[in-house]
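Letters A, B and C name the chains as they come in the text, with residue numbers starting at 1 for each one.
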Amino acid sequence: MKRFIAIVWVTVRQTLSPKRAIGLMLLSGSSAGIYLLYMIGTRGTSGRNVETAFETSIGMTVGVFMNIIVPVVTLIIASSVLGDERRDNTMSFLVLRPIRRYTIAVAKISAAFLEAFLLTGIGAAAFGILVGIAIGTFSYFVPLLVGTAITTAAYAALFVPLGYLLKRATLIGLTYVFIWENGIAAAVPALASLSPWRIGVSAMAGLAPDDFFNLVPADFALGSLTPGAGGALAKALVLIALAAAFMAAVLRRRDLAT
Amino acid sequence: MSDRTGVVYDLGYQPYEGQRLGRVGAIKAMIKDGLRRTFGIRRKARKKVYPWSMVALAFLPAAVFVGLSFAISSFAPDTDSPFGGHAEYIGLVGTVIILFVASAAPNLLISDREDGVLAVYSSRPLTAWDYIWGRAGALAGVAAAFFLLPNLIMYVGFAALDDRGLASALLNNSDDLIKVIITMVAYVVGYGAPALLVSTYARRVGPAAGTYLAVIFISPAFAEMFRNLNFAGSRYGTLISLLQHPEVVRNWVFERSQSNIPMISVGFEPWLSAVIIGLLGVGTVYLMARRYRREL
Amino acid sequence: MNDNPALVADPTVEVTGVSKWFGQKVAVSDVTCSFGPGLTGLLGPNGAGKTTLLRMLTGLILPSQGEVLVKGALPRAEVDRFRDLGFVPEESALYNTLTARQYVAYAATLTGLDQPEEAADIALETVELTGDANRQIGGFSKGMRQRTKVAAALVHNPEILVLDEPLNGTDPVQRAHLIKLFGKLAARGHTLIVSSHVLQEVERMTDRVIAIVDGKLAAAGDIGAIRRAMSDIPYRVLIECDKDRQFAAALLNSEAVYSVTVDDSRLRLETSDLLGLGSLVAGLARELDVRIVRFAPEDESLESVFRYLVGGR
């Protein structure tokens, strides 16, 4: 356990520089910032009531926050947790230790999740608080946080191995997010179960009151997924386990220096 | 006395006696190096895959449709091809330019910092501005070529098929070419400047490319959000869409409908996009100068 | 008794028929050797394959052919084997945001030591970095970075230490200290494999070398014995004496002496028979009443041996 925590701690220190943290925090908090502007701009006007504020928040959640901001923030963090070790030539320090490869893989994915969720979670929390104030109830706060956590975890699992294996991981990850997830998978509902952010939205829909599910554009945001936090969590955990097993196999079988 | 003779040649340091090309030569050399780098020339084969794939993506459709027009008499390019004209083709090329500069700009700027060769440049008769113009020039030149050449293929090719004859068609359609050139400037600056700006400050090539693409592709979503939110001042938020400003200029120049673009739908004039692109270009050059004057 | 100088009697690390290629490039070709307690120098010019070989010994990369055994097992067979291994790579391998103490303590934690901070302090004291232990590695000089890596490799007192250019960037005082440290570890029975370009220092550290040229094993064993095995290359000997020209003329009469150069009371000879030359010089000196001030072989050094191996004679 000590070794696991040590790997996570050092990884977070190495990959989350102040500049990067500020930049990603701004991105993560942009939804909250824009919603705040919306709240200020429509205060006391007929343009805003509980229904419109709620609809707007759902639009922002599935139109920007969950499908773009969370994957992009997680991609930038996750692709560097092992990718940077490889490019900075510190892999030998890590792998020539009496630590199971699976432990290293899980520690790295955990570090990526913790770092990314620190940022996306704060963004989600800020957004959730503002939505709660605007619509008069905080019953969506926890579902939003849970959905964000599951989405972040799923993307961390996907992007950590990508960052290790590919030099252009960020480019390819973005292609995956913008073209596959927001393009192809949007057009084919059956592919939704392969889309981490939709898994997160299904968790949200499962935990939130029914009117959330009624207002969510189901074809785009859920596809063939049924709402349910348990199912979403299970899917994310399966992804994490598979990613960790894959990374462990890579660390066991492949050359670890070039 | 012996008549055997001999001579010893001094093979020591021999100073260069050839032509010295000066700063212009240095800048040209930098542009040439930049072009080689972006296209992977004199580098490993895998460095060529991405840039030349982009070249194929930009040029092949134009070449194919011009070819089809020549080969099949019943093929009418303006109705049978998905690219009815220059304006539509520019939409395709615009995407290719984004993907190309996302990779090219970091390779041009970040590699020099990563490899520590700025010190080598600074020991030459090159100023920071020479470096900036050399690198920006290479990127702009390539992006412009991506833009202009396929459109030239279409321009000349379809003119050759014109019933009025090549020369007449070229002359009569010359305003199309002017429009293409104006739009080219908007696209090259509009997409190239942010790429250079990100690459000026980013530490690594991969994240720089990713950050640039993220900003370019996320900004329309935010603009759409601002359009839909409809609160006091929200219309100004539609101006953050970096992806769409060159498109606005294209539509303006080619007199196309703009209603689907957030900033136009909320009442802004198209010339504002041209101003924003201009400011982006100037701002990028200024920030690059600030950064590189410290290092060179 | 072992007839093959590349093999030791009681090996901890065994390399058998190992080759490694990267695409078309063969980095190491059919190397067989072994390493045991004590210090072995691994020599070779740039690009010879030393780093590749060292990486295979640690298990960082896998051989394309052949086998590496560390204490009788494959390096990656069980992760617990890494408790016995310490590696100082040539490349940076440092986390710039950590202090030296944090970095070495991290190494200790990852290796499973109970008291990583205390172990780190001891390791840092060993490499004389205690004063800078709380500074960030990012601000270190090259020598300090090198010593930090050595400290991290030593912190868990491994039985086997693999060091790739450990003296790089160190000043003469630091170098002397590290050499002394390696000597102590070797004397205590640790297996040290040190790759270095600083041949004079390798010579000070050890008599046993493995030389790699173009990926192949070029020589192995005791430095002097390797030199003697190069029987096709005449020995160069320096003699300082009075009556230099008279002595030179007398030496030239001997068949064992190929050439003599006279330079300001120094004679430089080339001979095929070093031992016989000794008797010849003594006899002639008595006969001609010549006072010999110095008699020294000039090319029994590691540098000379290395030059012959690499320079293709």
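Here, a contact is a pair of C-beta atoms (placed from the backbone, for glycine too) under 8 Å apart; a residue touches a chain by one contact, two chains touch by 3 or more.
Computed from a predicted structure; not experimentally measured.
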Separate pieces, if any, that appear once subunit A is removed in thought: B | C
item	value
Maximum centroid distance from subunit B, chain identifier (CA atoms)	C
Averaged-CA centre spacing for the pair subunit B and subunit A, given as whole angstrom	33
Mean-CA-position distance for subunit C and subunit B (Å)	53
For the subunit B and subunit A complex, residues of the former touching the latter	102-103, 204, 206-207, 209-211, 213-214, 217-218, 221-222, 224-226, 228-234, 237
Residues of subunit A defined as touching subunit C within the complex	2-3, 6-7, 10, 13-14, 17, 88-101, 252-257
Of subunit C, residues touching subunit A in the complex	55, 58-62, 76, 79-83, 85, 87, 89, 91-95, 97-98, 106-107, 109-112, 152
Footprint of subunit B on subunit A - complex, ascending	23, 27, 30, 34, 37-38, 40-42, 45, 47-48, 56, 59-60, 63-64, 68-69, 72, 75-76, 79-80, 83, 87, 167-171, 173-174, 178
